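The following blocks contain the structures, represented as structure tokens.
Shared between the two complexes below is chain A, which has chain B as its partner in the first and chain C in the second.
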Partner chain A sequence: MSGPLIAFYVIALCVLSCAVLLLSARRVIHMALSVGGVFIGCAALYLLLDAEFVGVAQILIYAGAITILILFAIMLTNHEAQEPPFRWNVRNVLSALGCLLLCAVILLSIRRTAWPVPDASVDINGGNSNPVAIGMALFKQYAIPFELVSLLLIVALVGAVLLARSRKEDE
Partner chain B sequence: MANSGFPIPIGSVLALAAILFCIGLFGVLTKRNLIMVLVSMELMLNAANINLVAFSRIQSKPNLSGQVFSLFTITIAAAEIAVGLALLLAFFRLRQSSEVKDLDSHRW
Partner chain C sequence: MGNWQTQPLTLPSVLAMVLGAVIVLVLALGVVTYTIYVQRKLLGWMQLRIGPNRVGPLGLFQTIADIIKLLIKEDVVPASADRPLFLLAPVLAFVPSFLVLAVVPFSAHHVFTANLSIGVLFYLAVSAITIHGVMLAGWASNNKYALIGGMRSAAQMLSYEIPLGLSLVGVVLMAGSLNLNDIVLAQQHSGWWNVIPQILGFLVFLVASTAELNRTPFDLPEAESELVAGYHVEYSGFRFAFFMLTEYVYLFAMAGLCATLFLGGWSGPWLPGWLWFAIKVVLFIFFQFWLQATLPRMRVDQLMTFSWKVLLPVSLVNLVLTGFIKAFW
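Now for the complex of A and B:
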């Protein structure tokens, strides 16, 4: 067992236990905190996979912005809300069966596929540091998708402001 | 081990992403609260991101495309959660509720 492998199993355990905690949480606030754990675990996984820029962006955007946004939304709506205790009615049983089936199919097909052995000698960053290499790819090869995604972001944020502000005729 | 490729087996990373995706799917299908449904959807997006980053590093010809695409996915997820929570606020103002079962009428 090498160091990164042990680290990977520890991170995977943390992520999955946070996700199960999220499913079992009955108060919405507890759920928002456990999803923060999942996001930070994913960021650690990205750092382990040598994707430093994506890992830091994950911490900034997901663990920082999105978790705080969710907490704001919970506080602005009824934050005392509790899920009813879990019951095995028809819908829940069918959903659980479907999810387990999907999980089994994906895991089996992952197991049966012969994955190529990664070539460790290739430097994916091309000699630069990871943020520099990502910036080069983003502004050269992916310049048009980058501009389009910024357009989409501004449209979505203006739309969110328009949707969330209180209208006169409601009062 | 250290010089025969990447130390983490790709199957384990993909299996982690698959299990995370299925946990998120179960949450989307069974949770009653709209915020919980949105958060479970974020879990599914995160699972897809893990796959993208893993394939960027662990394939026969490693390159950066997976990481760039996961950055795009993170941006789309931020836009999605912003619009979703704005819709939730507008709905809560009308109905004083954030339950999925109250979302069943076309107009009120």
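Now for the complex of A and C:
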């Protein structure tokens, strides 16, 4: 067994157990923390795939900023929220069946797809280090889409501020 | 040591990985132990006291005695605390502080340094995880002082991380790389340390890193007089020791980052690289203790405005200036 393969299984186990923990936890704050665990596990997978920049950005944005945001939101609002204990009723049984069906469909399509085999002799980064290659792609090839996405973010930001403002004036 | 991802996993390579981690851990623990001793001696000297002088010659074993005391203390978990989170929080706070040491180049032949192409970003990203530990510690303690301390700490560290990151971007622009080893090499190549061309960025970095470390003018999260001790008020014994350890490992790591990015890292004339690195690290740590003995604490209402209205614009100006110089000169 090679190192990356072992690492993959360990990381996958961590991500899956965090995800199961998220679903089985009863207190909202425990759920938020397990989401953080899933994010960090995904970042580790990206690092394993040699996508260093994406992996670290995942830690910075998702595990760092977004999880903290969720925690803040929970702490500033209803902090004793708990889910009621689980019960098997018709709706839950049906959704469980739906989940199993979805799982089967996804598994089947994954198994039937012929995945392209990576060519080890071609360097997809074009000889640059990983962040340099991403910078080249973002600011040369995809400069206009990149700027448009940032415009979208600013619109969302201003919109959020406006929404929060008008609600305060109503009170 | 090579890249473990491309090497086959054999017993010697696994042993080398474990050994490297243990050596860095022992180094960090040793540095922390004597940082605390030096801090107490320096503060004593600046306040015309003697400082610790009872345990061992010159009080050299004082911190070790303190650590032993903390380790054999009773492990108290408050009855109404959120038990799993209360136990997890110190771990969550400590692990990132040790992880960031992986990218700090201690010497020219960087034996225990990951040659990551995104080292600077790695430091910023991983150190942000500690905020979770601090915040959850405050939350899980079920204590109003701890909660306020945790929230304050999270808000402070989040808002000072932005000027800190932006002040580093200037250095990255100068070197053209996010790799800490490359940044040291670029400074060695250009002939001057980044502290001269990047003086504005350096000043922002100094202020923002002091705030990141929760050290004196910005030690609001643990303001003794108003919050008792902040987020770790309910912690005792070795869990409390973990929070203290986190704080001092970060002091060491931040000193290493400062030395690497602005003071030329291990480069310097005559002396060996590791000694240069040690001298620069000691200078940064001394500066922090000097501040601690000199300055009063900031008010909580001044804290956020200072970060967003002073540090952030200054670091943006620095970024634009650096870009201009880099492009036209």
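Heads up, the rule we're going with is that the second predicted complex is superposed on the first by the 164 of 171 C-alpha atoms of A that agree within 3 Å, B and C clash if a C-alpha of one lies under 4 Å from a C-alpha of the other, contacts with A are read in each partner's own complex, and residues count from 1 in each chain.
Basically, a residue touches a chain if its C-beta (ideal position, glycine included) is under 8 Å from a C-beta of that chain, and two chains touch if they have at least 3 such contacts.
Treat the numbers as computed from the prediction; the structure is a model and nothing was measured.
Undergrad: Clash or fit: chain B and chain C on chain A?
TA: Fit - chain B and chain C, as placed by superposing on chain A, sit side by side.
Undergrad: According to the stated criteria, A:2 is in contact with first (chain B), second (chain C), both, or neither; which is it?
TA: A:2 sits against chain B and chain C alike.
Undergrad: Just to be sure I read the superposition right, which of the two partners does A:102 touch: chain B = first, chain C = second, or both, or neither?
TA: In the superposed model, A:102 contacts chain B only, not chain C.
Undergrad: In the overlay, answer first, second, both or neither for which of chain B and chain C A:28 touches.
TA: first
Undergrad: Which partner does A:65 contact after superposing on A: first (chain B), second (chain C), both, neither?
TA: A:65 contacts both chain B and chain C.
Undergrad: Using the touch definition from the top, say if A:77 reaches chain B (first), chain C (second), both or neither.
TA: So A:77 only meets chain B here.
Undergrad: Give one of first, second, both or neither to describe whether A:53 is in contact with chain B, with chain C, with both, or with none.
TA: A:53 sits against chain B and chain C alike.
Undergrad: Report for A:161: first if it touches chain B alone, second if chain C alone, otherwise both or neither.
TA: first
Undergrad: Based on the superposed arrangement, let me know which partner A:85 touches: chain B (first), chain C (second), both, or neither?
TA: neither
Undergrad: In the superposition described above, what is the shortest C-alpha distance between chain B and chain C in Å? Please give a whole number.
TA: It is 8 Å, taken between the nearest C-alpha atoms.
Undergrad: Shared contact residues on chain A for chain B and chain C?
TA: Chain A residues touching both partners: 2-4, 48, 50, 53, 57, 65, 72.
Undergrad: Could you pull out which chain A residues touch chain C in their complex?
TA: Spelled out, the residues of chain A in touch with chain C are 1-4, 6, 27, 29-30, 33, 36, 40, 48, 50, 52-53, 56-57, 59-60, 63-65, 67-68, 71-72, 75, 129-131.
Undergrad: How about chain B: which of its residues touch chain A in the complex?
TA: Listed in rising order, the residues of chain B that touch chain A are 1-8, 10-16, 18-27, 29-33, 35-36, 38-40, 42-43, 46, 49-50, 53-54, 56-65, 67-68, 70-72, 74-83, 85-90, 92-94, 96-98.
Undergrad: Could you pull out which chain C residues touch chain A in their complex?
TA: By the definition above, chain C touches chain A via 4-5, 7-9, 13, 82, 84-85, 88, 116-118, 121-122, 124-126, 128-129, 131-132, 135-136, 139, 147, 151, 154, 158, 177-179.
Undergrad: So in the complex, the part of chain A that touches chain B is made up of which residues?
TA: Of all residues in chain A, those touching chain B are 2-5, 8-9, 12, 15-16, 19-20, 22-23, 28, 31-32, 35, 38-39, 42, 45-46, 48-51, 53-54, 57-58, 61-62, 65-66, 69-70, 72-74, 76-78, 81, 83-84, 86, 91-92, 95-96, 98-100, 102-103, 106-107, 110-111, 115-120, 122, 124-125, 133-134, 137-138, 141-142, 145, 149, 152-153, 156-157, 159-161, 163-164, 166, 170.
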